[in-house]
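Note that the chains take the letters A, B, C and D in the order they are written out, and that residue 1 is the start of every chain.
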Amino acid sequence: MEAVFGGVFGRGDVAVGDMAWLQAMLDAEAGLARALERAGLVPAGAGQTVTAAASAANFDPATFGIELTGNPVPGLARALARQVPAAVAGAVHRGATSQDIIDTAMMLLARQVISATLADLAQAAEAAAGLAVRHRGTIMIGRTLLQQAVPVTFGLVAAGWLTALDEARGGLASVRATRLAVQFGGAAGTLASLGADGPRVAALMAEELGLALPVLPWHTDRLRILDISTSLARASAVLGKIARDITLLAQNEIGELREGDPGGPPGEIRRGGSSAMPHKRNPVAAVAMLGCTRQVPGLLATLAASAEHEQQRAAGAWHAEWEPYTALLRLTQSAATWGAELLPGLVVDTPRMAANLAATEGLPLAEHVTALISGVLGAPRAHDLVARASERAASSGLLLRDVLLGLPELADTLAAAGITPEQVEAALEPAGYLGATQVFIDAALAAHGGSGHG
Amino acid sequence: MEAVFGGVFGRGDVAVGDMAWLQAMLDAEAGLARALERAGLVPAGAGQTVTAAASAANFDPATFGIELTGNPVPGLARALARQVPAAVAGAVHRGATSQDIIDTAMMLLARQVISATLADLAQAAEAAAGLAVRHRGTIMIGRTLLQQAVPVTFGLVAAGWLTALDEARGGLASVRATRLAVQFGGAAGTLASLGADGPRVAALMAEELGLALPVLPWHTDRLRILDISTSLARASAVLGKIARDITLLAQNEIGELREGDPGGPPGEIRRGGSSAMPHKRNPVAAVAMLGCTRQVPGLLATLAASAEHEQQRAAGAWHAEWEPYTALLRLTQSAATWGAELLPGLVVDTPRMAANLAATEGLPLAEHVTALISGVLGAPRAHDLVARASERAASSGLLLRDVLLGLPELADTLAAAGITPEQVEAALEPAGYLGATQVFIDAALAAHGGSGHG
Amino acid sequence: MEAVFGGVFGRGDVAVGDMAWLQAMLDAEAGLARALERAGLVPAGAGQTVTAAASAANFDPATFGIELTGNPVPGLARALARQVPAAVAGAVHRGATSQDIIDTAMMLLARQVISATLADLAQAAEAAAGLAVRHRGTIMIGRTLLQQAVPVTFGLVAAGWLTALDEARGGLASVRATRLAVQFGGAAGTLASLGADGPRVAALMAEELGLALPVLPWHTDRLRILDISTSLARASAVLGKIARDITLLAQNEIGELREGDPGGPPGEIRRGGSSAMPHKRNPVAAVAMLGCTRQVPGLLATLAASAEHEQQRAAGAWHAEWEPYTALLRLTQSAATWGAELLPGLVVDTPRMAANLAATEGLPLAEHVTALISGVLGAPRAHDLVARASERAASSGLLLRDVLLGLPELADTLAAAGITPEQVEAALEPAGYLGATQVFIDAALAAHGGSGHG
Amino acid sequence: MEAVFGGVFGRGDVAVGDMAWLQAMLDAEAGLARALERAGLVPAGAGQTVTAAASAANFDPATFGIELTGNPVPGLARALARQVPAAVAGAVHRGATSQDIIDTAMMLLARQVISATLADLAQAAEAAAGLAVRHRGTIMIGRTLLQQAVPVTFGLVAAGWLTALDEARGGLASVRATRLAVQFGGAAGTLASLGADGPRVAALMAEELGLALPVLPWHTDRLRILDISTSLARASAVLGKIARDITLLAQNEIGELREGDPGGPPGEIRRGGSSAMPHKRNPVAAVAMLGCTRQVPGLLATLAASAEHEQQRAAGAWHAEWEPYTALLRLTQSAATWGAELLPGLVVDTPRMAANLAATEGLPLAEHVTALISGVLGAPRAHDLVARASERAASSGLLLRDVLLGLPELADTLAAAGITPEQVEAALEPAGYLGATQVFIDAALAAHGGSGHG
C-alpha cells in the first residue's frame, strides 16, 4: 500500500511507516534510559549506550514475536537489551510497561508530523493570503446549494480559506505546545517497580524527550490521543473544503480555477494528464486531497470509540488506536503537502469569472433592486415587481435590466415612483453590491498577520 | 423517541428538542432585530417588539413549509413578521440568510447545553475527588487487558477519573468562552443587502446575543461546529470510560463497586431492579451512560465529514449537521447527568477489594520479589526463579509466599543469597508496592483545586 | 426535532417516532399473548383481550420509569397488564425479557419502513426507466473527476441510476423476506420460565407477527440488525449518488437538469424559491436527499460497533442501537420519498446538453481521432499529433476539427497518410462514439423488467 | 506498519499489501489482454505474452508517477507495455480506464481474502460446534448487562457463537458467489473506444478472470464494494462478540475460559506472557481480535460515505475507498485467523463455572421459585414473598433455599399453600431451569450441518 498508493496518500516530509514507528519507540526507550541514568538508577553512560544502540536500522520487527505478546514492545525491548553490554541491559525498559513506550512513541510521531504539516499549512496560508490580496476586487458569482446566488470576490473566497487555514494551524500548534506528554506509569500506572523514584524518572524522561509531564499517567485517559486526532481532523476538514471548492470551480463549464502545472521533465506525462483523453486536465491535487481527507472522519470515529479504555489498560481499544492514528497522521500530512503545492500555483481565470457573472443576466442583483424599490413602494410591492421581472428575464433570456426598463408597465411604475433608469442600472452593478467584502478581506489578512502565523 | 427513550438519552436540564430549536432560532432573529435597531436601521422599538413576539409557544413548525425551502427559517421568518405590526415586519430577518439563523441558533443551543453539562461534570468531578481522598489508601488489584496485574488503590483510580473529567471540563469551558460566535453573513457571506452597515450590525448582534464576533462569516468554515462537537465527544469519552469501569467492577464475581439507590417512592420498582429476576441489581446508570456515549463517535464522524462545505453554502453537508449535532448535545448532556448522579452515590466495597487482591495468592507481587532477588542473583536468575515459583503457585493454588519459602530448593537458594524470609514477605506486601500512587493522587487533587474547577 | 426538521428528514408514509415505537412494542406483547393462548398456557380469550388493550393511544411513556430500568419495556408491560382484567394480566409479557420486546419491535418497524421505502424506490425506478427509454439517444458529455470526458447519453446515466435502484430494492426485499425474525428468548436466551413450552410459543409468536422463527434467540447475534441497516444504507447510497448527480447537473453553468415544481397553492412560496433572491431555484429535493443520506454512514458505524454484544445481553451496546437504528429507518425512508417525487418530475434540458457538448470544441473525441490515426501512423505518432492539436484547440478556442484540418502541417500529415477530412469529421461526431451505450441501456431495462421489480 | 504491527493486524494466509495490489492490477490487465485476443482484436499470442509479463516482481511502483495521475494505473500500464514486444504493446490496457483496472483488482483481492477468511471461519465454526456438543450440559450462570442472570449452559453459549459464525460465512460465500464482477467500461462507461466489440470483450474478460459480468459497468454504483465490505463487517462483528465474551469470561475473578497455549519453542516468551509480571496470562488472541474488529465500523463508514460517487467517476470518493477497503480485508482476515486458532484451543474450566454458579446462593433461580409459588398464591403474593426472601439472602449471605425453608414466616406460608420443601429445592436446581437450552443447541448444530458448511 505504501508504495502503490503512497504518491497520493503518503506524501509529506515525514514518512509515517514501519521505520518511523520503530525509531519513535526506540527514542522512547532511549529517553527512558537517559532519565534513569540522570536519576542515578543505572550506571553512568548507560543512557548514552542505549541511545547509540537505539537506531531503527539495527532492528527487525519480524523477530519481535508480536503475535505472542500482542504488541511489539516486549520483543523490541529484549532486542535492544541484547544490543548493549550486559551491565547496561538492566537500564533498558526499566520500570516501563509496553504502553509507556507505544504511547510515548505516538507523541513523538505526532510532533514530527504536526511540525511538517504546520509548515505545509503555512505555505498554503501564505498562498491564500496572496490570492486574497491580489483578487480582492475580482468579482465572481457566489454560489449556494450549488446555485448562483449573489456576487462575491475571489479575494473573499480566498480570505475564507485563509481564516480557516489559520484556525487549523492554531489548533495544531496549540496541541503540539500543550498536549504532547510523556507516558510513563509502569504496569498499572503506579510506577511501583521504581519505588519512590518513579515521578523523578518520569520528569527526567519528559525532559529528555522534550515532552510535557502529565499530572499522572494517562494510560486510560485518551484525551491526548483525541486532541491530536481532532487537531488533525480540523486541518483535514479545512483542506477538504478548499479542495472541494477547487474541483467545483475547475469544472469545464465553470472554468474559474485550474491547477497549475508543477512542472517536471519534458516528455513525461503531465500532472493531471490522461493517456486516453489528451485534452483532459484533471485537478489531481485537489482530488488527491479529497481522497485523503475523506478517510479522516471514519478514522476519527474509531479513535473516539477507542477512548473507552477499560480499567488500567484496555483489552482491544488500545490496540485499535495504532493503525487509525497512524493513518490520520499520514493522510493529513499528505493532504497538507498537496495543498501547499496546489494553492501557490492555482490559476485564476478572471475573464471566466466575469463571463459567468455576466451570464446571470443581472438576476443575482434582483435582491439589490428590490431594496431600492422597497424604499419607495414598500417591500411587498417591490418584491412582487422584481419577482415578476426576474421570472420574465429568466424565461426569455433577456437581461433583468432590459426587462425592468424596457417593459412599459414596469418602466412606468418605476418612473411614477421617481426611480430613474440610472438608479436601476447602478443597483444592477455587481461591484456596487459587495457589502462588507473588503472589510472581511482586511479582517482575515489582519488576523493572519496578527496570529503570529502571517 | 423523545418520550419513549428520553429517560435514558434525554436527561439533563436542557431539553434539546423542537421547542429548544424553535426558541434558539427565534432568539437569533430577535437579537438581529435589536441589533438593527441599535444600528438605526429599523424604527425605535422594533427590536423589543420582535423580541416580545419571538416566543416559541407562538409558532407552529408545521406551517413553515420546510419541504418547500429545505430548512425551517424562511417559514419561521414569515411567521414572525406576521406576528408584529407591519411597520416592524421589515426588521425581521433583514440582511440575513437562513444559515445565519440556524448557525447562530446552534451556538445558542451549545451554550445552554455546555453550561448544563459543565454543572453536571463539576458534580461528578467533586465526587471523584472525594473518592480519591477517601480511598487513597484502599488497595485493590489493578487490571490490565481485563487481567489482574499489580496493586493500585481505588483512590488512584478515582484520581484518574478526576483528571480526565477536569480535562473534559476545561475543553468545554474553553469552547464556550472562545468558539461560540454569531453567524451573520447574508446570502453569500458579504452582507451585501446592508451595504456598509453590515459589520456594525454583526457586531451589535453578537453583543445582543452574548456571542463572539468572528473574523468573517463562517458559513463554510465549520471548525466551530467541529470544536463544539469534539469538546462534547471528549466529555463523552471520559464518561464512557468511567461507566465502563463501573460496569466491570460491579460484576457479581468482582463486586468492588455498585451503584447507589437514588431512592424514590416505596413500592415502586427500584433503580436497576428486574421484575423477572428479583435478585438482580443492574448498573442502570452506567449502562445508560454507555448507551449515550457509544452513539457519539458515529455522530462525530458525520459532523467531521460535513465540514466539506461547498462554495458559499453546502448542498447537503450543512443540512446533514442539524440532527447529529443536536443528538451530540443531547446525549452528552444526558450522560453527564447520569454521571453526576452516579458518582456521588457510588458504593465502594472495600472488603471485596481486599478479598479479590488476597485471592491473587501474591502473584501480582512477583515483579517486586524479582526486583529484590535481582539485586543479589542478577536479573536472569531472579526472573527464572520467580517465574518457576509463580507457575507452581498458580497451578497448585498455594500462595507465592509459601512456594518461595516452603519449597526447599527455592528457600535454600534465597537463604544462600542472604535474602531473609522477612524480606520476601515484605516484598509480597501490596501496600509496599504502590510506587507513586500517593504522589499521583495528590497531583490530581492539586490540579483539580488549581484548575479553577475545584 | 421531528416538527422543526421533519419536512426534510421525516417524510415518508411511516412516521418513525414515539407512537410507532410504542405501537410496535405493544404489537410484540400482543403477539406473545396470542401465542401463549394458542399454546394453551393462558386462558382462552387472553390473546384477544391483550391485543385489544395494546393500542399506543392508551399509554403514556412518561409513566414507564425508564430512568429506573434503563429501557421502556418493564413500565410498558406493567401498564399493559393494568389495562386488562386480573385473570388476563398473567398473559402479559410472560416468559419474555425486555429485549425480546424491543428487538421484535425493531423487526416490526423495519417491516413497515422497508415496505414504504420499497414503494418509493419502485416509483423512482420506474421514473429512471422512463428517462432511460426517452433519453437513450440524448447525447451529453460524460464527466469524470468533475471534468468533461467523452460523450454518453442521458439515457445511459438514467440506466445506471435504474440498475442501482433495482439492486437497492433487491437488497431490501431480500432482508424483508428472510431476515426479519421474532426475538423470544427470555432472561438469558433459554426461555427457562416456560419450561418445555418455550420453542412452541416462540414459533406461534413468530406466526402471529408474520416474522421468521430464528434458529435460536439472537439477543447477542446482531447480524439481523446489521443486515437491515446495511440494506437501508445501500438504498441511501444509491439515492445519495442520484441526488449528487442532480445537484451537479443543475448548476446554473451546466443547467442540464432541474427539479420540477411539485405544485402547491398559488401565492405560496414555491419549492426551491428564495425570498431574498427571487431568481433562485434551489434543487431542494436533491439537497434534502443528501441531507438525509449523509447522516447514514455514521449511524451505520454505530450499529456495526454495537454488534459487539457482551455475553447474554450487552451493557450499553444494545441501548446504543435504538436511536441510530430509528434514525436510519427514518432518514432512508425520507430520502426515498424525496426521490420518488423528484425523479418523475425531473426536467431534462436537452438543448443545454447539446450546447455543453458542443462547447467542448470536439476535444472529448480526441481519443476517437487518435484511434483512427493510429491505424495508419501507429499509436505513438497518432497520440502525439492529436495531443498537439488538442492543446492548440484548447489554448486558441478553435474547434479540434478546425485545427486538425486547418493547420497545414497537420492537414498535410493526415492527407499523406490517406486519411480524408470526412473520416476526421466522422470520428469527431459524438453520436459515433457511444460504444455500448445502447446495449447497456437495454440490459438495464431488461434487468429491471426481469427482476420482478419492473 | 505492516512489519511492526503485522503480527496483530496482518495475520492470515493472504498478505494484503503492495505486492497483492500490484499483482491484482496486473491480473486484471492480463485478463483484459486475453479477452482482447479471444475477441480477435489483438494479435494471437498477445494475451499470453502480456500474462507472462504481468508478474508483480517485474514492477516498481515508485516509477509509476502516481503523484501525476492520482492513481497507479497509467504508470503500471505504461510499464507493462514496455515489458512486451511493440507488436503486443497495443493489447495492453486497450479500451480500459484506470478505474476498470483498480475496481477489478478490488474484486480479485476480495476473492482471495474472502476465501482465506471462509477457511478460517470454518475452522472456528467447527470448534464452536465441538464446544456446543461437549458442553451442552455444562451449566454456567448466564450474564446480562454484566450481571449474573439465570443459568445457561456453555454449550448454548457456543451454539450462539456457532450460529453467528455460520451466518457470517453464509454472507461471505454469497458475496463471493454473486457480487464479484468484472469492471470494464472505458473512459465514461460506454466502452466507446472498442466500438461494437465492448460488451463481448467485457464478457470474455469476466470469463478469463472468473468474475461475474455485471448488467452494465458499475463505476459509480458502489453497491458491490459496499456488499463486500458489509459481508466482512458482519464476520468482524461476530468475531468481535466472541472475543469479547472470551476476555470477559477469562477475567481472573471469573476464570471460566482461558486461551490455550499455541505452543512454540521452549525458552521463548509464551503467548500471553508478560516479562514484567511472570504470573500474567493475557488473552492475547481475543485482545488482538478486538484490536482488529474495532477498527472496522469506522472503515465501513468511510466506504459507505464514498458510495456518493459523482457523475461518471468520483473526484475523491473513489480514491478514498482504496485504503479502508484494503484495511477491511486485512483486518477481517486477521481476526478470523486469530479466531481459527483460538477457538479450537479454548480451555473451559467447568469447575469454575460450577463454583461461580454456586456462589449465586440460588438467587438466579428466584424466578423459578416465583413461578412455582404463583400457581398457588397468585403472582403478586408470590413475587413479594420471593423478593423479600431474595433480599434477605443477598444481604445475609445465606442461600435462598435456607431463607425460604428456614425462616418460619416464609416456611409456614409455603407449607400452608401445600408447597413442599422438595418442590422448593427442585425449583432451585439450576439443571431444572434450562428451558429450551438443549433444543436450541440441537437447532444450531442442525443448521450448521444443514448449511452446507458443517
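Quick note on the criterion: a residue touches a chain if its C-beta (ideal position, glycine included) is under 8 Å from a C-beta of that chain, and two chains touch if they have at least 3 such contacts.
All of these numbers come straight from a predicted model, not from anything done at the bench.
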Need the graph distance between chain A and chain D over the touch network, please. 1
If you tally the C-beta contacts for B-C and for C-D, which one comes out higher? C-D
Using Cα averages as centroids, what's the distance between chain B and chain C in whole Å? 34
Averaged over CA atoms, how far is the centre of chain C from the centre of chain D? Could you give it in whole Å? 25
Where chain C touches two or more other chains at once, the residues are 70, 97, 143, 145-146, 149-150, 186-187, 193, 244, 247-248, 275-277, 282-283, 287, 290, 293-294, 297-298, 300-302, 305, 315, 367
Taking the complex as given, what residues does chain C use to touch chain D? 70, 89-90, 97, 142-146, 149-152, 156-157, 159-160, 163-164, 167-168, 171, 186-196, 198-199, 202, 215-218, 220-223, 226-227, 230, 233-234, 237-238, 240-241, 244-245, 248-249, 290, 293-294, 296-298, 300-302, 304-305, 307-315, 367-368, 371, 379, 433-437, 439-440, 443-444, 447
Under the touch definition given earlier, write down the residues of chain D that touch chain B in their complex. 143, 145-150, 247-248, 250-254, 275-283, 287, 297-298, 301, 305, 356, 359-360, 363-364, 366-367, 370, 383, 386-387, 390-391, 393-394, 400
Counting only contacts in the complex, chain B reaches chain C at residues 1-9, 11, 17-18, 21-22, 61-62, 64-72, 74-75, 77-78, 97, 187, 193, 243-244, 247, 264, 268-277, 282-284, 286-295, 297-302, 305-306, 315-320, 322-324, 326-327
